[in-house]
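As written, the chain order gives the labels A, B, C and D, with residue 1 at the start of each chain.
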Amino acid sequence: MRMKKFINDPKNLVPELLEGFTLAFPDRIRLRGTNTIVRATPKEPGKVRVVTLGGSGHEPGLSGFVGKGMLDSSVAGEIFAAPGAVKVIEALREACAGGERALLIVLNHAGDVLAGNIAMQAAEREGLKVKMVLTQEDISGEPGDRRGLVGCVAVYKVAGAAAEKGASLDTCLEVAERMERNMRTLAVAVRTATHPATGQPIFEMGDDEMEIGMGQHGEAGTGRMQLKTANETAEIMLEKLLADLGVQPGEELLVMLNGAGATALMELYLIFRRVAQLLEAKKIRLLRSAIGEFITTQEQAGFQMMIARMDPELTELWDAPADAPFFAKL
Amino acid sequence: MFAEAAKQIRREHESLSRLDCIAGDGDHGTTMLRTVEKLEGTMETSSAKTLNEILREAGWAVLGVDGGASTAILGSFIAGMGEADIGEESDCKHLAASFEAGLRALLKQTKAKPGDKTMMDALVPAVQAFASAASSGKSVSEAMKEAAAAARAGADSTRDMIARYGRAKFLGEKTRGSPDPGATSIALFFRGFSDALTQMKEA
Amino acid sequence: MRMKKFINDPKNLVPELLEGFTLAFPDRIRLRGTNTIVRATPKEPGKVRVVTLGGSGHEPGLSGFVGKGMLDSSVAGEIFAAPGAVKVIEALREACAGGERALLIVLNHAGDVLAGNIAMQAAEREGLKVKMVLTQEDISGEPGDRRGLVGCVAVYKVAGAAAEKGASLDTCLEVAERMERNMRTLAVAVRTATHPATGQPIFEMGDDEMEIGMGQHGEAGTGRMQLKTANETAEIMLEKLLADLGVQPGEELLVMLNGAGATALMELYLIFRRVAQLLEAKKIRLLRSAIGEFITTQEQAGFQMMIARMDPELTELWDAPADAPFFAKL
Amino acid sequence: MFAEAAKQIRREHESLSRLDCIAGDGDHGTTMLRTVEKLEGTMETSSAKTLNEILREAGWAVLGVDGGASTAILGSFIAGMGEADIGEESDCKHLAASFEAGLRALLKQTKAKPGDKTMMDALVPAVQAFASAASSGKSVSEAMKEAAAAARAGADSTRDMIARYGRAKFLGEKTRGSPDPGATSIALFFRGFSDALTQMKEA
């Protein structure tokens, strides 16, 4: 069976998709080198640069968050594969070209971390002032070795807002690490996707199954179970997240729901409704929310639920204006 | 050297991707294919003179490939080899030192050790076999033959292991029963090196 | 086989999803009566109200476009079914409660038009000053009897911007009709969706087929064919649209790409890339674009391509600020 | 009256939805079910006194259902019936006039005519049959029986038609071969009315 995707030669997928992306937002972003996206209008000189890296195939993530108030640049790899370290080094060099400092935000996945580390070592050899933060909020893994999921978007947001305000690299790093420490994510999948380069399904799943704890590329989770209703699914996932983060009544949360690709926004609304009801019953305040598709996995069905404990400073940074192609705050 | 490694990868890339499907994301074969193509291209146009320069250039070429975990590991290893003082290729002891420098460079990038079902399961025994052959005075081509055999044995031994690094680690017990794709690629690389040296000797 | 959707009792789908929607955007929108969404902060008194109606199951459409610079209210029906005329009358009454005038924008689908007409007749009997505009830009139908597809979003945008600026009802109507006349849309589908209330697939399609001219609820099109590449699909669709609108070199276009649900943004980028290349080759100017999911059909795979001839006034209205939950312009 | 119609719809709603699957969106049965439930609810709580009031109220109740094309048509018809002066239910001539007023109201909403494979294919002959039975002096229950038979025949006749209105029109030739769901519902409504009147007479 041919895969049912509108693509051309799979070999050219990433350059073509990034070309399309830049053509769609010509006044906001530019393509640099091989598959690095930067802002069309760079941030004022001297301000900290916020950079990320990661595989492609998750659109709008990660490059869709390059823009005022968020990222300065994003180094894209192949479909589901980290970019080569060389490109990351080049991006850091460009970010720091005017003597600026940079914060590199990396999702904890083997290839991404390797590329980030190698680039950081090279950057240090070259005397660049760069710090790196790893996002690892997926509670399906053991603490200390968890995957990075949609929470990176919140880290981009608060670190990006701090950098835009002119904060120092240490402050940006502290804010990013605080957001990272404060957040937890759990994913659920109900239907697989086809890898656009290989044409193969990225995992197998029965007709009446769902899996809690699924990773972002079909990495197996731990909770395969019978398909549940929206309410049941919301309850199971929220309970696990609240317990892991140790949320107490009276605390204030940011909640993000991230559709995997084929799960309708309609379904996310139903899940969100139940989350809001449950939080209210527990006297936990739903302070802010974001609902939509931020980091997708092709046409996989499922979603990620992220919660984060907010404090006044993080809330102010979350609320600050942003103008990336796929994340805007007025 | 790299041309013969490329031959091996070209022949096996589909089965490498299939191996990566079992516990990973199914792209290891195509990644390795892109890697050896990049290596060949780099070698063709390279103006590097010394073996050190060549290895550093080759290593950074691999580090330039969007390949996820495997190219970062392989690239770091090759670039790390270039950091040691190698001298002439035919000098078996220098080459052994270079391999060991590659391994040392890797320790900065990954905590994976033999037994964790990664490329290290092929790489570490291959380097050890080469070094002990070198210290017992064997020729480069003989030492490489032993390294290739050790890499193959190491790759085969991953079949019964549980993955503790990379994408596969989350699958736990389920990863038992098939060899690690990355380790298999390393075995193919050493097989290619050994073939190249044998051909050179025969020629 | 159970359908793989996160839902609860299908009978409560629409009220539940709208409740979730309002909980996600508490500072922007409110629920009124049965399934009508209005702005949280009403527009200044005296300005023209812009109202729409339509079935649910197409999220974020239509209610996701209620907000500053776009709609004042949206009357939602059942899944894929027009709202009852009574609710539309009530929405018009509320819109005009302060003596304001209202523009009702209706997509040309039998049930929606019937509800709109009945409501308009009642509104006239009650002395309300209301005008209605029908959107019908789907070129897969015969001129004079075409369906309304994603183009309605552009009509909401320009009419909403005119109303926000304080334009008269006649001006808002003229602007909406001009946008409507200037636009053309064509849809393509490659994979079906499941109706969330009935659990049935909304159409059948072979493993290597695609269909050009598909409607928004699985209504059959005219162009069933072998699956094509992104480039080929873009070419076929754009050529038909340009021919139907009679676009000449030197003209300026708005292009919208609307994902149906399961088609990845990655694929839309590839399609967009080819569209941009083709327009450049034809010396037609790609003036503005919008790419994403605006009006979906559950987890159907495919997309809608819309082109519109722009003039300076329409462009200015398109560029005007907007702040709806799923359509923002800074 | 409406209670008996509701019975008919309740029995047949699944097959109505199945019919709507063929060329429409498969929701006609559930829509009609919600419609008769709304009608029953409205009638239970209604304080309307005259038949005109009752019909207007019932019509607007149907127009309040999120049902797409079919509830708009049916609601307009019933509400339109309420606009004529009916007098007593037992007066066959007044009821015929009321049906005709309903049809007239519909002309404002749809251009569909018998032959277009819509509800009109059942509604128009039913109203005509009722009117001619009325003018030939038959009783209400007899006239309704004839109307029900005409509606059924009309609905059956849609089997061989091509849809020219509603969602189905885009399917052209493919719509031939199965009856129109909306027309089938109308036939069920008239069957219900007729059953109700027969029972009243018998009681």
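Just so we're on the same page, contacts are C-beta pairs under 8 Å (C-beta built on N, C-alpha and C of every residue); 3 or more make two chains touch, one makes a residue touch a chain.
Given the structure is predicted, the values throughout are model-derived calculations rather than measurements.
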Centroid comparison with chain C (C-alpha atoms), farthest chain: B
Chain C and chain D: spacing of chain centres that average the CA atoms, whole Å: 32
Approximate Å spacing (C-alpha centroids) for the pair chain A, chain D: 55
Chain A and chain C, separation of their C-alpha mean positions in angstrom: 29
Chain centre separation in whole Å, for chain D relative to chain B (CA means): 78
Every chain pair in contact, whichever chains are involved: A-B, A-C, C-D
Residues on chain C engaged by chain A in the complex (per definition of touch): 1-2, 4-8, 13, 16-21, 23-24, 56-57, 59-60, 64, 190-191, 196, 207-208, 210, 227-231, 233, 261-273, 276, 286, 289, 291-293, 296, 298-299, 301, 303, 321, 323, 326, 328, 330
Parts of chain A lying in touch with chain B, wherever the complex brings them together: 14, 35, 55, 77-87, 109-111, 114-115, 117-118, 121, 140-141, 147, 195, 197-198, 200, 202, 215, 217-221
Complex contact set, residues of chain B against chain A: 17, 21, 25-27, 30-31, 60, 62-73, 75-76, 108-110, 165-167, 170-171, 174
